[in-house]
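Notes follow the structure.
We just call them A, B, C and D in the order they show up, numbering each chain from 1.
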């Protein structure tokens, strides 16, 4: 598996984008380094994809939008891959149905690594002569691949949890330090007109644009995330058994799916919720770590039980705009990652990293929204119905990937993503 | 069926609310006057309810929240009705599953009319001594029953369309006058901070409150609704066959359900869409009437095809606030009702009545939203996920029922409600 | 509802077939006499049909195969009925899907009675000049309608049970006499070659032909049917909880459908199965009456629990050939009907009437089987996969309808038919 | 992959059963020798199992019923395997759900081979001291594993066909010789009483017992199997489009699944069925080879179209009893296997090997059937509802596995097994 060894280049040769490209590609390889072909191939549910597919699809993106479109004479690695590894770009033609990604017994994992090397080599070879549009697409491709890095972790955790032996993929990380939990405090937010959306200081997806004015009503946000300890109180107080806390669709979901706790939790013999399955297997719940793997329905029900509500996207973004989006618990290298307890302090904490924060805002276009042109324009806009915005990134998001204006989105019943809860209230 | 004959009371006896109560109850009876027991009992799909159920449920509302709670010594008409005719009020206990409403072979339609008379008589008997809270609940009950009047028409249209013989329930109304279609013009809306929500000039549902500030970006609205003629151009241009116009969920819906045109349309032998099924049966499409019975997915795709978008709720409400909400094509009496062509003129037209207008806004709580207290508090808040707001009422909405702040809501795939499209664009 | 009054004819005018036709038609009307239009229209599950449909379909059979095909100049009552009331005769063209029979809000029940009268009158008018083939089809039509008489009772029992109020359609019949239960005794059957199938002494369906030789291995049959009392022992012994008694498909069915007792049984507050829902509503279980409304899976599991097995069709028919097929508990007139306790005696009892008896034999063609010619040839042959044969008729079968060679058939999970169990064993 | 190298033993050490055990185990290994871990792990549909599971399950059988039960002090290879690799033996406790066998990312394929070696070594070590019951179970285990050898080929063919790249697992075998097709001739069978079932000359499954008398009506069987050439005439004659040829359940299946040809067939650009996917990939149809991979519904429809019917099990077995069950086209070694054209000749041919032959007989117990005792008694009896018997083995059945009394069984819609058609008729 020498695929992950990049050639050593003289530092001067590398510009910042190439360096970024190299690091992104290497981290993806690293996340999958321990996988057998079988572990990289099986699909545990229609929402999840096999690691093999992620490895190839993120490569297909560079091959298609950079090499095919901007490097004359480029010869595709394999003509069938355009069909196999397109995700949902209708403009790019027919593609393998999402629920059939688990049938990719071929190409082998080894072939997929060869594909990655081939494309990487061609990108690097062509580097000096790439037009500006191609470099923009490489930047987009890096951000795109970072999204798939988090998806790889989400999907592998789900796969190992679903597999009969539940063998962890990563070795156990050291025990997390005990911290004294801090009481939740309310931090009043600003009121009146407020700007939100891409501030044009760096890369942003089309859905973050244009920057525009919104209006903030009087409100306050919790200074930290909801913890596992608090969530267990919600459970013990019958939160999952009382319809009054739940949206109508959420209540139907809880009952039909027999939901009783966050995904990946389990009980001991005395029926107390005590453990959580992570990328390194079963471990005791860290009670002061933020709760994760809860659906919007659960987040919303918890907030109602707590006499609060979820923040709107504008409220969250207003609070986060002046925080450092690169500080926090993020993914820095391959290995098991976990949400970590808050260490207390003044003001709002845990905004970036830790866990994605459900907002009460539907994922909708901003005023004057224009999708990107070309096939990459299918990236965000066509998902703007039925989903809710999540903000801030998680412990499994590559550091540097998110910003205050970043908009993640999931359906309200989904919960294999690393999503948690920050409370808000109207003043 | 003498149930619908109200006793003649001296005018002085009636206060405005009692008069309103009497008229609302009489219109509901009138809408169902031609139904056989079978036609009032069959359920054509899980989303729809039998007329018998609507007749009884709207009565149950008054019996439960007014008579049971505020009239001492009231004896329920039938103890089983609390179970049979509760819709979704969890706080009121167990209830008949929605999809089983079509199994209500008993009580007979005749018994249901007797139930209506019994409750009406008790309300009137108690009238002089009702506390203020009861009168408020009667007002709420009247608005509630008006909603069910429109549902009765929606559900009966769907039932007769779904039944093998498609026999119309209402006699054909006279042919609509031919009008010269007016070209669509854009009317620029206001920009900057704007108030929206209940203006406290009359009754409003909890979801319309509180009135609050929002911010309007530069935009314009179409001066009239999209017509059947225009929609047919969308069809003929391949609108239903090209993924690029559709949201991802919408495209999956179009393909799995094989959607090719609005609900209730049919083709002639030359494959041209020429007829529509209404409450009075099949009739030629009135080409300049507003299109109706389209889903959010279709409305959104049409707007994209037309190079425009759907209005936000705030944009629509801002435009509508100074229009007369009681003028327009509304339901005034029992009988077949239809959308009518626009007669042209200056400024924005067809805002109230005609057809419900899909907005791009998800149905979400307003800042500071508080559900009403008690079981009636389940009225709106618990539906705040996954649905979109519609504004303005339709030809099947009782006149006087809607206002600028009124928020109707449906799932994006639903289309048996009388929903159409007004275009908008960002400036 | 004067539809059910037949004109009085001079006895000499009636030949035996016309007399039979009149009596069959009148009994069908009688079974439905108490139904409202709603009760005759609603469909409680895809397997069941509304009474309105049975009333019309049995009439359509005479109209199509007798009047249309053999009476020149016959004008159909209504051109749409050929589509509405064909059941499954592919050769007769398109037809209403079975699961949509519950959408027949029109024609009204009154129209359906008028249809019956119209067809009956035309049959009688043409009587003297009908060709022999038409008379044969009338005989077939009478047998066909008798089958629908039992289906009407099955379907109405299911409908009233499924409806929220569970209001019975027939008045309670007098309490059944207490009998001393007789112990089950084994009666040895004959061994070696045996004839089975239509003995050509009267009417028979194509599936009963040709008469042919089969070979009987040493065996014995129980002298009476399994009773409710015995079935309750099976339940109390954990019969529904132990996989060892069940076929693999049956065990999957029991678990997925959470089956714990025969259809129509319910428990008291001490969790003891004590009541059964019949055509006259809920009543205490008659413990010595034969169990009914059990599936093949349950019958087979019971037999295994009892250390026995189900009889083969040949074993049953061999035993029954010399019994009087018209004696026993059958349907004689409209009203509530029930299985009755065995009164004891010598030899095999309860073979005809009481409850249908599940056999271990799949419904397969006899050697040399030829379907009837024409559309009526679709009557039986095309159902010869996946179903099991039942023999002997039930308390809801019209007296005179069955014979030893009669073959009824249902899928192994179906149990709304009146089916019970006779045990057998190999010697 | 040295797992498949068995130690060389002196010939005198081996008794016949041990020799058989060694050969069976080695053939299974050989069939899977080319598989990657991914190819051995993915499950292409709920009916099929991954090769990894077959490899381990056939081993679990020996470990459980021989080593655990009859070798004192045996230590299981891995305690979790009893759960993972039990198939359907309820008496053996909880087990992995069939549809979840595709989640077996662990144990790795390498571990599964180690498991096989471990169990094989323990069997061989214990050989001299095994009690007679254990040797019987080893014989049963060999027959059981032979069944799984055919299942492995069925499942791998389905997996590679379902996978996006359809890469064959075995290399192309030489082109089959052209033969002159022989016209189908009818061979009259015997009539009157006939013996069938296990003749006690060797191993048999419980479902083949007891030998018993049945009665044969006058009939004839086709002297050879239906060919691809003939099946194509059925297609071209509209066989899949005309309800009159089909059982009712079959017609519903054809329409809902849009079946137009046998599984694994495809059309050329002129819409003519010309190719078939085999274990070695796509190849031109061998027109005179027997058709395979057809369902019971298709077989039955074809027979009706051809003016014939399917044979009963007794008719088939009577004809086959005096043929050599080891001659014919069978599986002899690992590699691609195919049905081969008939070479003509006198009398009935192709009875054994080639393709399984659907019979018209439901899979039912023989008179006096007793399941084997213990958990292995779940082997056959519990599948005796809803399935049809197939006789004679196929090109993928290990040579020596079948005999005249052998009863295979599948549901009427299943067709991934190698099943074809022999016609029969009543005289």
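Convention: a residue touches a chain if its C-beta (ideal position, glycine included) is under 8 Å from a C-beta of that chain, and two chains touch if they have at least 3 such contacts.
Everything numeric in this text was worked out from a predicted model, so none of it was measured.
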| item | value |
| --- | --- |
| Common touching chains of chain C and chain A | B, D |
| Relative to chain C, chain with the most remote C-alpha centre | A |
| Whole-Å gap separating chain B and chain D, where each centre is the average of the chain's CA atoms | 60 |
| Averaged-CA centre spacing for the pair chain C and chain B, given as whole angstrom | 46 |
| Separation of mean Cα positions, chain B and chain A [Å, integer] | 39 |
| Residue list for chain D, restricted to those that touch at least two other chains | none |
| Pairs of chains in contact (touch as defined earlier), listed by label | A-B, A-D, B-C, C-D |
| In the complex, chain A residues that touch chain D | 36-42, 44, 52, 80, 83-84, 96, 100, 102-109, 159-160, 162-165, 167 |
| Residue ranges of chain D touching chain C (in the complex, touch as defined) | 88, 90-91, 193, 212-215, 217-219, 243-244, 246-251, 296-297, 300, 309, 312, 360-362, 364-365, 367-369, 382-386, 388, 412, 426 |
